[in-house]
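I've put the structures underneath this note.
Both complexes below contain chain A, partnered by chain B and then by chain C.
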Partner chain A sequence: MNIQVAQSSLLWGLNIVSRVVPSSSPMPILTGVLIETWKGAARLTATDLESAVQCTIPARIMQEGAAVLPLKLFAELVRRLPPQDITLSLRENEMVAITWEKAQYNLNGFKPDEFPKMMMVERERGVEVPADTLIEMIKSTVYAAASSEDRNISLTGVLVQVKQGKLTMATCDGIRIACISRDTDYGGQSYEFIVPAKVMQEVARLSSGVDDTPVKIFFTENQVLFDINSVLLASRLIDAKFPDYQQIIPNRYYTSMALDSNEFFSACERAALVPREGANYIRLQFSASGVVITSAASSVGTVYEEVPGVLTGEPLDISFNPRFLLDGLKVVLGKPLVFDGTGPSSIACISSPEFRDFFYLVLPLRR
Partner chain B sequence: MEYDILLCDLDAFFASVEQRDNPELRDKPVIVGGRPEHRGVVSTCSYQARAFGVRSAMPMSQAMRLCPQAVVLAGDMRKYQEVSRQVTKIYAHYACALEIVSIDEAYVAVPRGLGQEMGCLIRSRVRNELQLPVSVGVSVNKLLAKIACGLAKPDGIRCLLPGQVEEVLWPMPVETLPGVGPNTAKRLHDAGIRTISQLAQCSPDHLQAKLGKFGPVLYMYAHGIDERPLETEREVKSVSEEITFPEDKHDPAEVIATLALLSEEVGFRLRKHGLWAKTVTLKLRFSDFSTITRSKTLSEPVNTDSTIYHVARQLFVEHKGRPPWRLAGVQASNLVRDHLNQLNMLHGPDEVREERISRAADELRKKYGRPVLHRAGTVLLAKGERFVSGGKSKKPDGLSPCHVKPS
Partner chain C sequence: MSFGDILGQEKAIEVLTRALLSGSVAHAYIFQGGADYQADIAARNFAKALNCKSVRRTDPCGACESCLKIDAGTHPYVIEVMPHGMSIKMEQVKKVLRASSLSAEQGAWKVFIFHEANTLTTEASNSLLKTFEEPAGRTVFILLVNDTSTLLPTIVSRCQVVTFVPVGAEKIRSFLVSAGIPEERAGLLSTLALGSPKRALLMAQDEEFWALRQYAREIMESLRRGDDLAGYDEIVQDRNRALELLGVLAEYFRDRLVLSLGVQDVMYNPEEVQAVFCDCERQNTAKCLACLDIIESIRRAISANANLRLALTVLFIKLRRAWFED
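Let's turn to the complex of A and B:
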């Protein structure tokens, strides 16, 4: 392999693929980046075996071929190079010569044919989503996925459901469920799969700044591929059964209050400052005039705040871990808010008439 | 407002209650405590037993040698607690402020000048209504009230005024003062200080150099000055249970079974006080008396028996060292009140069942006055080891003593 690439595009490509690379691995080659010539360009690939990122950068090909370089070191070097063309050429024993002006660095690499193959995802079944819609959907749900250490691995991902005319994402960590649906022009069979939350966060990051180009999502039995303006992100799917969250959605609510989301969010956020130590809850009392927010910690002090609102149905006295309440409120911030309750020790719902097809269900603390 | 301070101390409390409720025991040496074959210790003994040299905290085997004719009782903690509550009610009637020190001891603050009078009233009411002897020390602070009470025993009242410090307090040994344990006493003795009088003649600086911060405090005590306020509400800082095995254990399974038992006890007490613990600590003593404590702090506070037990067991598995083990203890600390449990839609029958079991066990226990339900694993233990009763000491951060009760 012997190629010439611009420092700026090489650095851009390395930054994109570096997100999935583990800093250390029992397989040292996984800390590397695969550089190969491909259709008159250079293609960069990195993987941690669970997921892989690939991007293509313009290059002048003098000789076809491939090389694997330790990504961290290589990226550190490229970051410090002058903005000009750089030549990468493969020498004996996987060594790569990096040449510019009068300088040459020789870095030891790995055997390219030992680099794990990028997951081959059939581009048969797929759906297209505008990038901004995809980002909105991910940001509305991904925070409610369980932490990666959770025993129930299905909860560590984002459930994606593709149905005729509809794309839905849902997360659940046992305490809350976040769910959002958007229209699509997908006309095929219904599918659903679970994408690791970490990968979804990466998809949102890579999708920001690609303007209106739709993101193409392809999926098979066990893999998913996101094609984000020619940057490819492939991942294994989580092989587990997602809980049937539909059956948790209440049939009816006994308490419903329309509130100003900014006012309610700020009040809850302030109230949450006090009970940080020890008992960690804030109490909401919904009545005809609005909601009273109280919290207390014997070592810190007490809180009392009223936020006006319009009540339909029964009054409600309910307590939450403020973190779980605020997470859902953040999604509808700036929009009219509806808080729905089913009782003091049962599920509540946060939604907004101006943010359609989104709901956030959250369980309170037991009284 | 200034107060007189009374220290009211029920004389030989557990033994007095037993003698009151069983006329046959009156005038006999009565010892309440653990059985000698189980390495039990004397918890309380009647004055008739004290005449033979029996003392609290003495190994039961030694007490039996001193007084073989004594009637030994296992005791009934639930009854004593109930009687203690009745006594406290009487104190509370007269108290401007009340500090419960232990099951048989309380400081009562009354208006200045009324100490003697109130002390007599309290004594006669406890005697008439509950048929129990109580000694009362009267003074202006906790220190002098405590000293006075010691002089009043048994079944008396004694007033000790600041003007009498030189005459009464000074001839006493330094160990009489609160906070002077064997270590401090030894340091004072090494410096030639044996009586409070000698202590009072030292300079505070000299004592500070010798004893650190406690030096000047001790100097004030020696002059009868004590600024400690009544601790009217004692905050529970930790809940703990421990057990010295009747014989050293060689089988880890038996220690684990014991941890289950201790965890049930700790869980019960936490729930009784409406508390949750963030930290669980395991205490182990080996046959050579070396002792370790190992803790784990959890993200969510807990108070069910099983969660405490699982942490304690995990700590044991990680830090068990080499058998045999002499003592095992479980402590819950980093306590929070008003904790509300987070509901979880995926919590299956296990978590719900666990809470129900704890609740049911608590109810049964309240009904029968002792634990009725135990984890199956505890059947490994001999029958006599399956009943653990909480000690009376609830001192902050202290591991309270635990008695092995014969079943």
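Let's turn to the complex of A and C:
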């Protein structure tokens, strides 16, 4: 391999792929970036065996080939190079010479043949989603995925359901469920798969830079590929069964209150400060005049705050772990909010008429 | 390496090839016998055969992309776990369980090989139970252990045990000779390696091992003649070498004991014993046992951090008295 690339585009590419690379790994080659010539350009790939990121940068190809360099060191070096063209050429024993002006750095690399292949090529089934819609969907759900694998491994991912004309994402960690649907022009067969939550966060991050280009999502039985303005992110799927969350959605609510989300969110956020040490719950009492928020910690103090609201149905006295309540409220912040309850010790729902096809179900604390 | 290169494990290999041919692969195996009897090579080969891209179904080609990556340790679905420090920890097992729950390419097998699985912590072992109980498709766990009794019984009952046995001396001898080891060394090692071809080969190539044996013979010679011991200062510098030296001495007295009981055919090393003990006609069972006791007590003292120079001095004085003075 012998190629010439601009420092700025190389740095851009390395920054994109560096997110999936572990800083240390029992498999040293995973700390590397695969650089290969591809259709007259240079393609960079990095993987942690769970997902892989790939991007293509313009390059002048003097000789085709591939090389694997330790990504962290290589990126550190490129960051400090002058903004001009750099030549990368493969020498003996996987060594790569990096040259510009009168300087030459030789870095030891890994064998490209041994680099794990993770990128999916098949692009049969897929759906296109505008980047901002995709980001909105991910941000509305990803926080409610379980952070540890102890309970059920499927909960550490985001369930993605593709149906005719509809794309749905759902997460659940045993205490809460977040779910959002959006319309698409997908016309094929229904599919569902679970993508690791970490990967979805990465998709949101990569999508935030692209303007109007829709993100293409391709999927097979065992892999999903996000094509985000030509940056490719492929991931293995979580091979487990996601709980049937539809079953948990209550048929009817006995209490329903319309609130100003900003006011209610700020009040809950303030009230959550006090009980941080100790029992850590905030109590919500819904009545005809609005909601009364109280909390207390004997070593810190007490809280009492009223927020006006319009009640339909029965009054309700319910307590929550403030973190779980605030996570759901954050999604509908700035929009009219509806709080629905089914009883003091059963599931409650947060939604907004202006943020359609989203709901957040959360279990209260038992007192 | 192919299954054919694994020495003297026909039965174990047959179990594995049959599983490969019939497609009825168990979801968890224990390879009893461990690396000593090349079970590690068998495990990696099994992983290669399951994932091999070539048409041969029982022996991997060793040349396709999948085989090469497994050999290089960079196959995305074949993961080998080694103890971190003294044990295989919960954190490592969690990573394995995570990897096992991720989808794999069409037709690929996920294989997880635990080296020295006897070092799994109890917590880590327990976290494997549920996965062993509800096997996912095309996933195989292989635990390498010397002895199944070092694993939790709940683990053992969920695995198929494949036993790798000590290899016969004659097989090891011809294996060593074909590996270019001189005939006389090969003969000695075939018994000293206790049925492990791997250990035999390591010992054969370890010049220090041979130097140590030479030194042990010199010590016995000096003790017999009552001379000063040469090379003494060097050996008292290195605890491990001193322990190895005790091992060689114990082996001599063990052989001499066997000889005195008249069962020559289980001796490790008849020729060397003749050279070391010039009095091989005499019946010295009691003396042999006394010397073995001395060596063992000194070995324990050295393992418990006794002063090396003092311990060895005591050893030589006691051995001389017990063996050479009537």
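Everything that follows uses one rule, which is that the second predicted complex is superposed on the first by the 363 of 367 C-alpha atoms of A that agree within 3 Å, B and C clash if a C-alpha of one lies under 4 Å from a C-alpha of the other, contacts with A are read in each partner's own complex, and residues count from 1 in each chain.
What we mean here is this: a residue touches a chain if its C-beta (ideal position, glycine included) is under 8 Å from a C-beta of that chain, and two chains touch if they have at least 3 such contacts.
Since this is a predicted model, take the numbers as computed values, not measurements.
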(message) Both complexes share chain A, so when I overlay them there, do chain B and chain C fit or clash?
(response) fit
(request) Once the structures are superposed on A, label A:175 by its partner contacts, choosing first (chain B), second (chain C), both or neither. (result) first
(request) Would you check which partner chain A:364 touches, where first means chain B only, second means chain C only, and both and neither mean what they say? (result) first
(message) Contact-wise, after the overlay, does A:321 reach chain B, chain C, both or neither (first, second, both, neither)?
(response) first
(message) Per the contact definition in the header, classify A:248: touching chain B only (first), chain C only (second), both, or neither.
(response) first
(request) For A:281, decide between first (touching chain B), second (touching chain C), both and neither. (result) first
(request) Determine how wide the angle is at the CA centre of chain A between the CA centres of chain C and chain B, giving a multiple of 10 degrees. (result) 70
(request) Mind working out whether A:117 is in touch with chain B, chain C, both or neither, as first, second, both or neither? (result) second
(message) Going by the contact rule set out at the top, does A:153 touch chain B (first), chain C (second), both, or neither?
(response) second
(request) Taking the superposition as given, tell me the minimum C-alpha spacing from chain B to chain C, whole angstrom. (result) 8
(message) Can you give me the overlap between the chain B contact set and the chain C contact set on chain A?
(response) none
(request) Would you pull the chain A residues touching chain C in the complex into a rising list? (result) 26-27, 29-30, 49-50, 111, 113-118, 149, 153, 196, 221-223, 236-240
(request) Name, in rising order, each residue of chain C that touches chain A in their complex. (result) 65, 68-69, 72-76, 82, 94, 97-99, 101-106, 136
(request) Within their complex, state which residues of chain A touch chain B. (result) 152, 155, 172, 174-175, 177, 243, 248, 278-281, 296, 298, 319, 321, 345-347, 363-367
(message) Per the contact definition, I'd like the list of chain B residues that touch chain A in the complex.
(response) 336-347
